[in-house]
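Read from first to last, the chains carry the letters A, B and C; within each, the first residue is number 1.
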Amino acid sequence: MSARFEFDGRAVPFSEGQTVGAALVAAGVRSWRTTRREGRPRGVFCGIGICFDCLVTVDDVPNQRACLVPASSGAIVRSQEGDGRGHLAV
Amino acid sequence: MPTDAADVVVVGAGVVGAATAWYAARSGRSVTVVDRGSVAGGTTGAGEGNILVSDKPPGAELDLARLSSGLWRELAVEVGGFEYDAKGGLVVASTPAGFDTLVSLAASQRDTGVETVVVPAGELAEHEPHLTPSLAGGVLYPGDAQVQPMLAAARLLRAARAKGAQVRTGVEVTGFLRSGGRVTGVRTSAGDLPAGAIVNAAGTWGGEVASLAGVDVPVLPRRGFILVTEPLPRIVRHKVYAAEYVADVASDDADLQTSPVVEGTEAGTILIGASRERVGYDRTLSVRVLRALAAQAVALFPVLAGVQVIRAYRGFRPYCPDHLPVIGPDPRAPGLYHACGHEGAGIGLAAATGRLIAQLIDGEDPDLDVTPYRPERFEA
Amino acid sequence: MATSPYDVAVVGAGPAGLAAAAAALAGGARVALIDAGRQPGGQYWRHRPGDLGAVADLHHDLRTFRSLVDGAAHAVKYFGHHVWTVSGSAADGFAVRSVAGDAEEEVGARSLVLAPGAYDRQVPFRSWDLPGVYTAGGAQALLKGNEVLVGRRVVVGGTGPFLLPVAAGLAARGARVVGVYEANRPAGWARHAGAVARVAAKLTEGAGYAAALARHRVPFHTRRAVVAAHGDDVVGAVTVARLDREWRVVPGSERVVECDAVAVGWGFTPQLELPLALGVATRVDADGSLVVEVDEHQRTSVPGVYVAGEACGVGGAPLAVAEGEIAGTAAAATATGTALAPVPARLRRRRRALRRFAAAMHAVHPVRDGWQTWLGDDTLVCRCEEVTAGEVRAAVDELGATDARTAKLLSRAGMGWCQGRVCGYATACLTASAPGSAPVSALDLQGVSERPIAAPISLGRLAGDAGHNGQQ
């Protein structure tokens, strides 16, 4: 039984050393963010922390690069809309 | 004057040069703008784009700022396309004594026609919900506005071009053409440009351009850094800054001054200033300054602590010893006009500066008495 | 500035950085080795933390990697550290400031070796932002670093020899690589036989991948490119087309190829923000990249600052290792006050041969301006700020931008999260190809490569203690 984290309410398995982004891709999830202006879907592009396309919310911290964040058991990963901080808008 | 001469050559394609070119072209003058760099490549591209009346005590600079903010409102309609935002400014004080000083400054500004609203501590959150609750009070200035400064310069130049102006970037002024005591054009890296009037709108480099004409205009650089955050929803509504900022602007101290200035932009990023240092043209990133800016911004808006900084830039404000710009004809070099030395207020003051210069060149009565800004005022 | 506990700080633990650290240690220096990754190897020897046995077959020359890791064993490692700024001078010492998780670290050193490496260079094409479109390096990183395949039916495209190992790796792990589309015609190799023959090891590596592709029946097409991606929420197909000499699409040659993933790369962009922060002199290399000027000892124009690897010219791992060894040796000598010995003939010869090889590689894998004709006005150039090609062109044609930095600031291309790392090259090319603009210069590229904040840092972290204690 492999380790799992939660993504938008479902369990995503990963193996030791994988990143959140890699585990999502392996689970068939291709996108987990929509852009600020056009709402376009985005996922991993560069895979090495350069492009910031794969931004995701992990344990309530938005705008983390999924391709860099190590997957960890019990983490709560949520897909992200726009800037990921809509709750702060005034 | 040769027949191929322009009426006006403007040296500098920053926002002041652009506004000058626009007003001169609009009044029917043939205009050529030259810049050794690119459009808005100097201080214009390194600021926040403030159009402020709040940070100036009554006097010659406030008069200019009031004229200019009205003109910017018109330009936003007449030219447009540069994210003009009449967001208003909120100045806050952290101590009761500071609040008292701020309120009396506001009262004196109000006497000159500036709109001010005193905001007691308990009502600050209605205006800026994310402000720290520990402040003593503030004053709201609905007349403060913001533009995207590079777009403002580029759009004004484009509008001037549509009226026949020429914009030549990558062309450096190397000297002046003379006829007797009169300045009759500029020598450039791309050949001579004769002109009826030459406008020195070279910003921080205005002193060097003046010296090519044999006159002294004491413009010096005052460095500032700005931090740029990740794109955010609107969490800061106004330009928000601490009351100490007004004192820092007016300070004659060469050492570092920082006071928090925080504002959002249409693009979603928040811009954080403001620092002032006299260190020449040193472009080195100062970690000490960045830390001070970050600490002050977080103190004002605790919510920003977890927000990422993704960029920082520096610029050099062109300042004169008395903190007033240099605007008007130079009696020491007839034919030469100056429009430089606006320190950190160049965007805000650009519209009025351009209009006044265009009026002076046309021989009209200017909207404002330009005596306080006369270039020869520094002569001993 | 704080006293320097280290003689040499090496930034980057890829081939160049590891070699530099090992050489500096051998020279008697106290060495700090700093890298954003959680383990050594950089992009080239990327693997999961721990052993890389599971992906050994995807790697080349692991013997060198293991010996460099051994050689660098006594360096103090700062892994998982994202450097956000470097500052200082040889006289006062250098400071490398990084962010690691929730903490900030400052490492002081007498001299610096910067080995920041490179990432895939990209040119935009229609719908290239669809999920399922990856950089070639991204597909590789998922495979080598995570053992994850980007798709089951993969198209590989772009230009350069790197496409071969990417395609071979995907095929080796069971993906169907439906085609490799190389925009150039590398048959041109024949003309560069002199440079190639000197670098037999390199050639063998390439030949090995070619054999692997043949074994997996992966079709290799030249003078063809992926010019558009298709799909609603995820890529489902691409258009590939034949290109003329200038890379314009040959009319009627377009063909739709179904796939569930695409991997594209057009050479590499060296990461120059840290060297630029220190003010080093730069130049434009044969491949059109901005690179750092270095001398015989890998010294930059700034005393005490050495650069090795892709940042002084893209040339691959063996060249990076040679340069790293030279830089590490020289940095150690400088920091410890020992006389700088001439670079050993062995290393000089190796570096020269590998640089000739790199030059030959760049000569047969240029990026031609014709890619700009593939774009619609609505094709995104800047993925972060969603700025289209039409908007970049408007900044040039209507607003008077004549250089890349001005085009960026007027259009917002390159102003978002990635700070132009992905679109900087394309923006510079689009600006330079407009009438009245000059060709892309070092100054242009510098304008889109300077990033005073080299990695994001939170305001609270930047503020330091003052930021955490609230009102101070």
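Quick note on the criterion: contacts are C-beta pairs under 8 Å (C-beta built on N, C-alpha and C of every residue); 3 or more make two chains touch, one makes a residue touch a chain.
Everything numeric here is computed off the predicted structure, so don't read it as measured data.
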Which chain's mean C-alpha position is nearest the mean C-alpha position of the whole protein set?
C
Greatest separation from chain B - chain, by CA centre
A
Between chain B and chain C, what distance separates the C-alpha centroids? Give it in angstrom.
39
How far is the middle of chain A from the middle of chain C, if each middle is the mean of its Cα atoms, in Å?
24
Whole-Å gap separating chain A and chain B, where each centre is the average of the chain's CA atoms
42
Residues of chain C engaged with two or more neighbouring chains:
385, 416-417
Would you pick out the residues of chain B that each touch at least 2 other chains?
230-231, 306-308
Chain A, residues touching no fewer than two other chains
36, 63
In the complex of these two chains, what residues of chain C are touching chain B?
85, 87, 95, 97, 277, 279, 385, 395, 398-403, 405-406, 409-410, 412, 415-417, 419, 438, 451-453, 456-460, 462-464, 466-468, 470-472
Can you list the residues on chain B that touch chain C in the complex?
38-41, 45, 94, 132, 134, 150-151, 154-155, 157-158, 161, 167, 169-170, 227, 229-231, 267, 269, 272, 283-285, 287, 290-291, 294-295, 297-299, 302, 304-314
Within the complex, chain B is touched by chain A residues 36, 61, 63, 82-83, 85-86, 88-90
Which bits of chain C are touching chain A when the two form their complex?
36, 38, 43, 48-50, 119-120, 129-135, 137-142, 145-150, 233-234, 383-386, 416-418, 421-422
Residues on chain B engaged by chain A in the complex (per definition of touch):
128-130, 230-235, 237, 268, 303, 306-308
